[in-house]
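In the two complexes below, chain A is the common chain; its partner is chain B in one and chain C in the other.
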Partner chain A sequence: MSTPEPRLPVLKTYKLYVGGKFPRSESGRVYDVTDSRSTWLANAPLASRKDARDAVAAARKAFGGWSGATAYNRGQILYRIAEMLEGRRDQFATEVAAAEGVSRNKALARTDAAIDRWVWYAGWADKVTQVAGGANPVAGPFFNLSTPEPTGVVALLAPQRSSLLGLVSVLAPAIVTGNTAILVASHEAPLPALSLAEVLATSDLPPGVVNILSGNTAELARPLAAHQDVNAIDLAGAAPELATELEVAAADNLKRVLRPTTDTDPHTPWTADPGTSRLLSFLETKTVWHPIGT
Partner chain B sequence: MTELTQQTETAKPAAFAYAPAPESRAVVDIAPSYGLFIDGEFTDSAAGGLRKTVSPATEEVLAEYTQAEAEDVDRAVKAARKAFGPWSALPGAERAKYLFRIARIVQERSRELAVLETLDNGKPIRETRDADLPLVAAHFFYYAGWADKLAYAGFGAAPQPLGVAAQVIPWNFPLMMLAWKIAPALATGNTVVLKPAETTPLSALFFADICRQAGLPRGVVNIVTGDGSTGASLVGHPGVDKVAFTGSTAVGKEIARTVAGTDKRLTLELGGKGANIVFEDAPLDQAIEGIVNGIFFNQGQVCCAGSRLLVQESVHDEVLDALKRRLTTLRVGDPLDKNTDVGAINSAEQLARITELAAAGEAEGAERWSPACELPSDGYWFAPTLFTGVTQAHRIAREEVFGPVLSVLTFRTQEEAVAKANNTPYGLSAGIWTEKGSRILKMANQLRAGVVWANTFNKFDPASPFGGYKESGFGREGGRHGLEAYLEHA
Partner chain C sequence: MTHGYARRYGAVVTMPTDADTSSDAALRRQLHGLPGVDAVGLEARAAALGTRSIKTTAKAYALDLAISMIDLTTLEGADTPGKVRALCAKGANPDPTDRSTPKVAAICVYSDMAATAKEALVANGAPEIKVASVATAFPSGRAAMAVKLADTRDAVAAGADEIDMVIDRGAFLSGRYLQVFEEIQQVKAECARPDGEEAHLKVIFENGELATYDNIRRASWLAMSAGADFIKTSTGKVTVNATPPGTLLMLEAVRDFRAATGRQVGVKPAGGIRTAKDAIKYLVMVNETVGEDWLSRDWFRFGASSLLNDLLMQRQKLSTGRYSGPDYVTVD
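Take a look at the complex of A and B:
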């Protein structure tokens, strides 16, 4: 009896996620993604400025529907994302282990934390309005109510080292309140992000709510920071010098800017209790007055 | 439209003749010159340059004040830094009592401060007396009560102050803007260096005296006066932890670039181009009053002014007719006169900007109308003005005039009203006039603006958060939300 030939695995073509579709970069470019031992893993799309602009257009188009959806509905969809991710827990643990150069157990723990983070934020969907808003006791015969509303289209630079947990920790708080997002994946470890797109696409998340780009962080971040139809930017994945340059560019249309954390350990900010700070960063408070009388 | 204009002018009711009713200036004692208030006392500038502040209504020089240079700003920031440790370590209940004292002293001296503000700013005494000063006192009283309750404000169990706050405020509500800045900063345990506007420094300098009367510890509040270069020194000073600015969007963007890459926290309250939307089922008499209040309050020099009137086509003529009739009864003139509705423009520079934009409105084809009114020969004056036939492309529909100039546009459907109202880079305020409740709520949801007034306009309260969407800035002033700008993020 001869031993059968080992089966040749079917490799995945990693693609971008824009407007609910999985396009290649319009530029036709790709780059090598390797694991921590420099073993080749995949060719990831090297997205271009044009891809970034397309992603902004898709996010803007999705904003009305997503921000107008009921909070209960958004919460269920985020919870659905957790369910879908749970079902692919092993796959993501494998990708995280390769991306971050950690043991399988550690990768599993980080994947589990990422799943649980979706659950945490899912529950916030229909609570944040009461926590961050409320009635104001003005000195006069007026009904006066403050309500948080989503800021709009948000560009997110995912953390460079925490390829899934960090990514989810910046993405979930931005979208749960009704913002739509363009997410720039970690340059060196983009594969968990690109695979997450497949989870999002099967979780009833409307097309365009999340758009995921892989490539050179600075090349994609610059046009996003300067884009007049982007309302906010999270600089989590930007090195200090780039972060300053992007913050200057973002001032041109007064984007809300979330500066990168200064922790020396790249994982600490994402394993810690997330709190509400990111959740509240991309909200605007609207205050409505109406007279009380006959 | 031409026909309507002529009709209105010929049918104009004769305005009542009023005897002059000036408020007395004797209640306020302005010194010939003022130094900088640093570390609890008035000091000269290192360089010693003096500027003049004038009454915009008469161009009379009211006083000289000091141009603070970078060296002076540095001294003020150091004083604030030194004061920060002890001030932030005070029990909240003690900080509260200082703020309550300030609120009470403002109330006691409110007539004096109202007259002073009217002299330096040019706005009617009726407004400083009935709006500015009561709101100043109320703001301090409101935030005083927060000082010992911060643990319950939703910013963590032991929220921490930021440190030294650099605060730069505009000339349109000088003392009120000071209150909006200083009250929450002190309540949360920060110390401040505040720069009042170049054309309206006096009420901030009088406030320094109130701090002395209240026994506020030295260095907790520092007032540096001067022009834009003083503000730039203050905002750029490396010893500052927080920058709060109210003013133009252009300067706000410049400040955002300055603080980029630093640890300084920033809040900005900037310009606006508010839409005041009148539906055909609106209570028209109230709407007319709301339109007038929306654009002629403080001579229209209000960031949240309802400077774009969006009126439903079916009631356009009726609204315009009533509005013009109402405008003919506005009394423009001496700001100290208790019967005055519309006072002086704050400065020659601002008057030039209003004049230029109004000229552009005419040049671009909109139809200009003002009631017949006699303007004083001295001082800076601009008659209440409205433009009809305005399109969204016109400069007067896109740019902030910051003056008594109303642009009238029309719409047919609710969707069109929303689209037009939101068609601006700004997002500070909006007004809705309709008797239909469900329409109000839907409109309020869809308008991208930080403050939405339904069947009212230009209402302010210390408990009510105020601030913009988009290029009108970020951060909120007022209410529990206003504390966030001065506390470390949990």
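Take a look at the complex of A and C:
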């Protein structure tokens, strides 16, 4: 009996996710992604500023439809994404284990935490208006109502070390309220983010609501921070010096800026109860005065 | 002939300059005597000209040139005097945040709005911007000759500096070339003003309806022989509008026409040109096909409405280094 030929594994070509499609970088560049022991895992696209520009255009195009969808509908789509994540639990656990250099069990626990967090944020879709808005007492014959509205196109710099839980913790709160997002994945560990794109593409999420770029964080963040058509930026994945520079660039069109938390332990801020602060960061309050009677 | 970069990739295509235009048969003989178009070669050449990378100072020059060549257009059933005035204000001052932005070449409207446009341009301090009026039962061209001529006369009387006429595609496609020829001549005669000036005549072929490249070449020669000042690709009202190969073919026709007769004719692609990138591709094509003689608003125009905003956003990106967005241009 001859021994069977060893099977050649089929390697995955990781690609960007822009406007519901999976393009390669416009620049044609890729970079090596390695695990924590420097073993090669895959080539990830090294996106350029023009990819960032295209992503912003896609996000802007998607904003009207996504922000205009009912909160119920957005919630349902986010639950659907959680269902898809659950189905790919093993794949994500493998990618998280490789990316973060942890045991299989620990990686599974982090993946589960990410899925649970996604579900938790999905539940906020039709509740955030009641919590963040309300009827204001005014001295006059008016109904005075404040309602939160999405800020617009949000650029998110995903946390560098928490490759899935951190990612979910910045992405879900931004889109659940109706914003559209450009997510710059962790430079060292982009694979869970690029796989998340496949989940998003098969979950009824309209094209362009989430756009995922991998590459050099600083190279992508600078044009995004300066972009006049980006309304807010989350600096979670920016190193302190870069964060300062981006904040200056973002001031020109009065972007909302969410500063990074300065915590030394890479996982602590993401495993803790997130609270509603991120959810409420990318909202604008609209107040209407309506005459009583008549 | 042309100088600079313009190179010729084939023999001069021409009709006899003393063309016999006395009958359909004679016209047909001459138009069908033009050599057939090498469609594959034409498309390859147009595609190759679209691959040039235009950056930094050259890009800045190209953007300003493209803005200055725009016929800013509104041709909707829902056009109101207010909308036309807003468009004129935009054409006179495309980017209020940057006064160095050039003005557009013309405002293109239906003939009943020509007077409004003329007035608004003067009021905006930009009387040098032309008013172009479509005429002759635009966009279909399906009306009696008397109606078409009256339409033209009205537009000229209302102060239109340029008349965009459509040819009768039905007559052209069924081979009644003489009818098309005479129609252009008659409309051209209506463009004359009492003061001796005359409105420029642009002849629209509606390339999308002519079906073949050979037809576009024939229509170009027919219109130029009949006295067109400009030849224009399309109305913007059908599925296929200006395409790079169709425009390239028309550019070759005006080049060869000038070589044969000494008279220069302009070209106007219209419809479907929405991005600065597309516009720059057309400018490259002009420079490489007919040369710098055509690189001005007098000889090359873009018929467009949304193109202007993209050009302005690109211009802002170049001057500030920041990507701009639709919040920074007027939405019309």
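In this text, the second predicted complex is superposed on the first by the 293 of 294 C-alpha atoms of A that agree within 3 Å, B and C clash if a C-alpha of one lies under 4 Å from a C-alpha of the other, contacts with A are read in each partner's own complex, and residues count from 1 in each chain.
In this section, a residue touches a chain if its C-beta (ideal position, glycine included) is under 8 Å from a C-beta of that chain, and two chains touch if they have at least 3 such contacts.
Since this is a predicted model, take the numbers as computed values, not measurements.
In the superposition on chain A, contact is made by A:Val138 with chain B only, not with chain C. Within the superposed three-chain model, A:Asp229 lies in touch with chain C and out of touch with chain B [touch as defined at top]. Of the two partner chains placed around the shared chain by superposition, neither chain B nor chain C is touched by A:Leu8. Shared-chain residue A:Ser146: touches chain B; no touch with chain C.
Shared-chain residue A:Thr287: touches chain B; no touch with chain C. In the superposition on chain A, contact of A:Asp252 is made with both chain B and chain C. Between chain B and chain C, more residues of chain A are touched by B.
On chain A, the surface patch touched by chain B in one complex and by chain C in the other comprises residues 252.
By the touch criterion given at the top, residues 131-132, 134, 136-140, 142, 144, 146, 151, 231, 240, 243-244, 247-248, 250-254, 256-257, 275-277, 284-291 of chain A touch chain B in their complex. Across the complex, chain C is touched by residues 53, 56, 60, 223, 226-229, 252 of chain A. Residues 316, 321-328 of chain C are the ones touching chain A in the complex. Contact residues on chain B toward chain A in their complex (touch as defined above): 138, 154, 249, 252-254, 256-257, 260-261, 268, 270, 425, 440, 444, 449-456, 459, 461, 463-467, 469-471, 473-474, 476, 479-481, 489-490.
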